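Read from first to last, the chains carry the letters A, B, C and D; within each, the first residue is number 1.
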Amino acid sequence: MDNIVERLTRAVAQRTSRRSFIARLGKLVAGGMMIPLLPVDRVAAQSSSTSPVARSTPAPNRDNDQTCDYWKYCAIDGYLCSCCGGGSHDCPPGATPSPTSWVGTCRHPADGKDYIVSYRDCCGKVPCGRCLCANTVGEMPLYRTQLDSDLIWCFGAPTMVYHCSTAEIVGVK
Amino acid sequence: MDNIVERLTRAVAQRTSRRSFIARLGKLVAGGMMIPLLPVDRVAAQSSSTSPVARSTPAPNRDNDQTCDYWKYCAIDGYLCSCCGGGSHDCPPGATPSPTSWVGTCRHPADGKDYIVSYRDCCGKVPCGRCLCANTVGEMPLYRTQLDSDLIWCFGAPTMVYHCSTAEIVGVK
Amino acid sequence: MVKRKALFALAIWVMAASGARAQLPPDQMTSYKLGAPQPHWAFILDSVFLAPTVSKVDIVDLDAGKLLGQIDGGYLSNFEFSPDRREMYMIDTFYSRAWHGTRSDAVSIFDAGTLAYKGEISIPPKRLLIVPKNNTTGITPDGRFLMVANLTPATSVSVVDLKSRKFVGEIETPGCVQVLIAGKRKFASMCADGSLLTVQLDDSGKPLSRKQSKPFFDPGKDPVFDQPAIVGNTIYFDSYHGQIYEMDLSGDVAQTKSEWALTSDEDRKANWRPGGWLSIAASEKGDLLYVLMHQGGEWTHKQPGKEVWVFDTSAKKRIGRFPLKTDGYSIRVSRGPNPILESLPLMQSQIETYTAPEGKYLGVYKDIGTAFLVSGP
Amino acid sequence: MVKRKALFALAIWVMAASGARAQLPPDQMTSYKLGAPQPHWAFILDSVFLAPTVSKVDIVDLDAGKLLGQIDGGYLSNFEFSPDRREMYMIDTFYSRAWHGTRSDAVSIFDAGTLAYKGEISIPPKRLLIVPKNNTTGITPDGRFLMVANLTPATSVSVVDLKSRKFVGEIETPGCVQVLIAGKRKFASMCADGSLLTVQLDDSGKPLSRKQSKPFFDPGKDPVFDQPAIVGNTIYFDSYHGQIYEMDLSGDVAQTKSEWALTSDEDRKANWRPGGWLSIAASEKGDLLYVLMHQGGEWTHKQPGKEVWVFDTSAKKRIGRFPLKTDGYSIRVSRGPNPILESLPLMQSQIETYTAPEGKYLGVYKDIGTAFLVSGP
């Protein structure tokens, strides 16, 4: 488990030059906040889902990244950047990828593997307003901050103004 | 005609202590901007109307100040303050009456008289969002500023943020 | 029929005309006052999802179905009412350029009788930004201190002295978030390991004591929701799987008072569980709990509730249940006589009312934007 | 049938699985670029009526029905595109506290290829605040000067040098409003008496000459709309009663070039007249005019158009007409090859497209908020 946290933190940290933020993140981890990720085991035991109810049959749109059904979106919460001029893991023009994120684990329907997905917000514009999705596989309350998708995850971005949400594969579990 | 302009300006001015604003208004009048009010004659020749098309039969709601049909609203444009916690000529709590306004003339369906109506915005809050009306009897383009209802008529109010619209009887034509 | 109506309307105008030979006097424009808040008034916090840098509170008389007024806020603001009902507060975040620029956080103060803006108290630009939740801000029962949960993502609590109109200081709460007001000068934060941190303040708003409890639930197995029902010193947490954890905060450190299930074996077989945004509400006296319930599997904790279940907190037993006209996402029970249950469906811009605890449908008020929370006097 | 579909879907997954034995590589998050603007891209200005202190521009590929990106603004902002298509501008008003506080007006600059914010140019906090209209801001054809109409309610025009990124000065235009760009370094304002004020600028943005024309229409009898169609030095004003006033601004002072009627006697009998918000549009070359037409009486100048009528500007004759699927409130004709007519209905959050000038319905794009204006490259 610690490995995953470390890997995730590193993966995200590699792409940000905001050292002050990293310092703050370190403080957070030291503060005991970054225990989370526990429910990952439980998430992994399930297939990806579109509505909060897990599906046993393949969702018809799980290969379409402009729908809530897309497999990587099993725990996404917000407006899909892929409907806003961005991609499933790319910000629309002019929006800034947040260096921080909440995380989930989604099973790829084709290879059967469980991927760790970093749900990174695009920040610096007001909400895009298209394709609102609220998937909740593995989603936790505020006290498990790293797994709370309702927060504005723009920590470390130029502003905390939320634009849309992406799903970035960080690795395989 | 000049009398009406003068009376209107005085009536509005009486209720504002913002001398700097009045000074500016003076400049405006001096600048030749406050000729307008001409179409009042033409407006007066018509009965009040709810949709922009003048009605010959009484509108069923012309006594109900929470509808666009209300007789005083023949040239109102915006959210009705009477649906927003205010009245037909009163601001909702915490909103500020603008000392400036556009004007219209509406015929009262009962006494048959033509009233000069000052459409004063309530300002200092974002739009109320209820009962949007866009009546256009006597409504003129920007170059006849005093008769343009699309402008934010919060000149002289603490801020130019528009909340809702009222209709205040200023006098009889 | 139509003709008869038209004649009737005409008759009214003729009558009005005869009674009003003289011309109407000029109007005198004023601003209305709000007056003393009534129990069935709702203060509905709308985050304006498409432009959340401007929040709104719609003040609605639910009996009359009438908007009484509005106050505005900043980015994902919280709303608080002073315990004496004389003031309202928006806990705000502003950017100097609407969507960018310099961030400033502040507590904006409004007169409750006139809705006039009275000024602001500046706070550190660190407040927790989230789709609005209860217990990310809170006021002590004496009205003296306002607490604001911070997340940067390091966690702390800003303390504001409402009497002296000053930011007093920041209390670090490592590993724990939120402000659950649980006594005269006391708040609790929820910690990642399933424990509660109890912080006692002195008269200057500085921490007197800070004591973390043992974990009272297992977040890895059955997480509790983070918007519990609070009655005085008692906090009722509902969990994803339908447990109630009753916590006693009368002492320096939180103690478990009871743990019981919302659902019977039969209910669980039928997959009944709590869910929604704000899934639990307590009656004023604390004798009853109202919980939004739906039928669903694992991770359906945010599915709106089909029914409201009513529980007796002493007997720890369900005493009633009723269906909602529209599935509910957040609920509240009004204070005072003739309590009503207020239910906000998910993204449907409406609030429904029911008698409490009977659950007789009373009506609906529409046009409240994207509201997730409702509060009241 | 459902079963067959499911099997088919399964087959795809199996195929995908066999071709993807190795695991998917980690994603690399980036921000997309916009690229060179295409003729059928629409830049739709949404004033977000319920929270107009944040304006938005939706950039939409109308052929693909796809949102390409957005830029944000302040209170009732205007949008302008630099003539070389390298930059976009929002002409903004901000309050320091979202809905109150100190007002600042500014021109915000965006890179057109990346939509990155590049900075701002401060202007006097006087800009005309209105539901967005064309010709309350404008850019000279060489891209050098941006003009902003002011109303306090005294009237003037702020001049911004886009090259040196500086506010240059304010030109008083007593009795006249707006900025109709009508030549290299020239703009016109519309005056209350029905005349035009022509202002010529020098290379530093200072007024070289200012000449007011004779009244060319009678505002008391037949007002012209204030958002005319402009082609180079020529301005086509449509009037409430359906006249076209063609004004020549090639000289120091505006001259009437022609006056003709959009409607025949028969049309007038049937009460056809122009109306809407932005009721007139010209083709790129200026050979054609498109006008939103409806049937209605006096003071129906804002009734949305049932049809678009197409006129030949040399023959001064109607050459076509076509119905709109949804009544239109504002229209625009795209530049470049294969022009399309873009129509915004009133408060219906959609933009419809038609071939121009034939009027074949092409499609609709939804979800554009409360948009009143559309522009393009």
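The criterion applied here is as follows: contacts are C-beta pairs under 8 Å (C-beta built on N, C-alpha and C of every residue); 3 or more make two chains touch, one makes a residue touch a chain.
Keep in mind that what you see is a predicted model, and the values were worked out from it rather than measured.
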Could you run down the chains that neighbour chain B and chain C together? D
Farthest from chain C by Cα centre, which chain is it? Let me know. D
Taking each chain's mean CA coordinate, chain A and chain D are separated, in whole Å, by 38
Chain centre separation (chain C, chain D; CA means) in Å: 42
Where chain A and chain B are represented by their mean Cα positions, the distance between them in whole Å: 51
Just the number, please: Cα centre separation of chain A and chain C in whole Å. 27
Mind pulling the residue numbers of chain C that touch at least two other chains? 50-51, 53-54, 56, 72, 75, 99-100, 117, 369
Please list all residues of chain A that touch 2 or more other chains. 124-126, 129
Please output the residues of chain B touching chain C within their complex, sorted ascending. 11, 15, 57-58, 60, 63, 83-97, 108-113, 115, 120, 122, 124-126, 128-130, 163, 166, 168-172
Interface with chain D, chain C side, in the complex: residues 48, 50-51, 53-54, 56, 72-75, 92, 94, 96-100, 106, 108, 117, 120, 369
Note: in the complex, chain D contacts chain A through residues 5-6, 9-10, 12-14, 16-17, 20-21, 23-34, 54, 56, 59, 66-72, 110, 114-117, 367, 369
Applying the document's contact rule, which stretches of chain D touch chain B when the two form their complex? 49-53, 75-76, 93, 95, 99-101, 103, 128-131, 133, 136, 151-155, 174-178, 190-193, 219-220, 223-226, 296-303, 347
Of chain B, residues touching chain D in the complex: 24-25, 27-28, 30-33, 35-36, 38-39, 42-43, 46, 49, 52-54, 100, 124-127, 129, 132, 134, 136-145, 148, 150-152, 155, 158-162
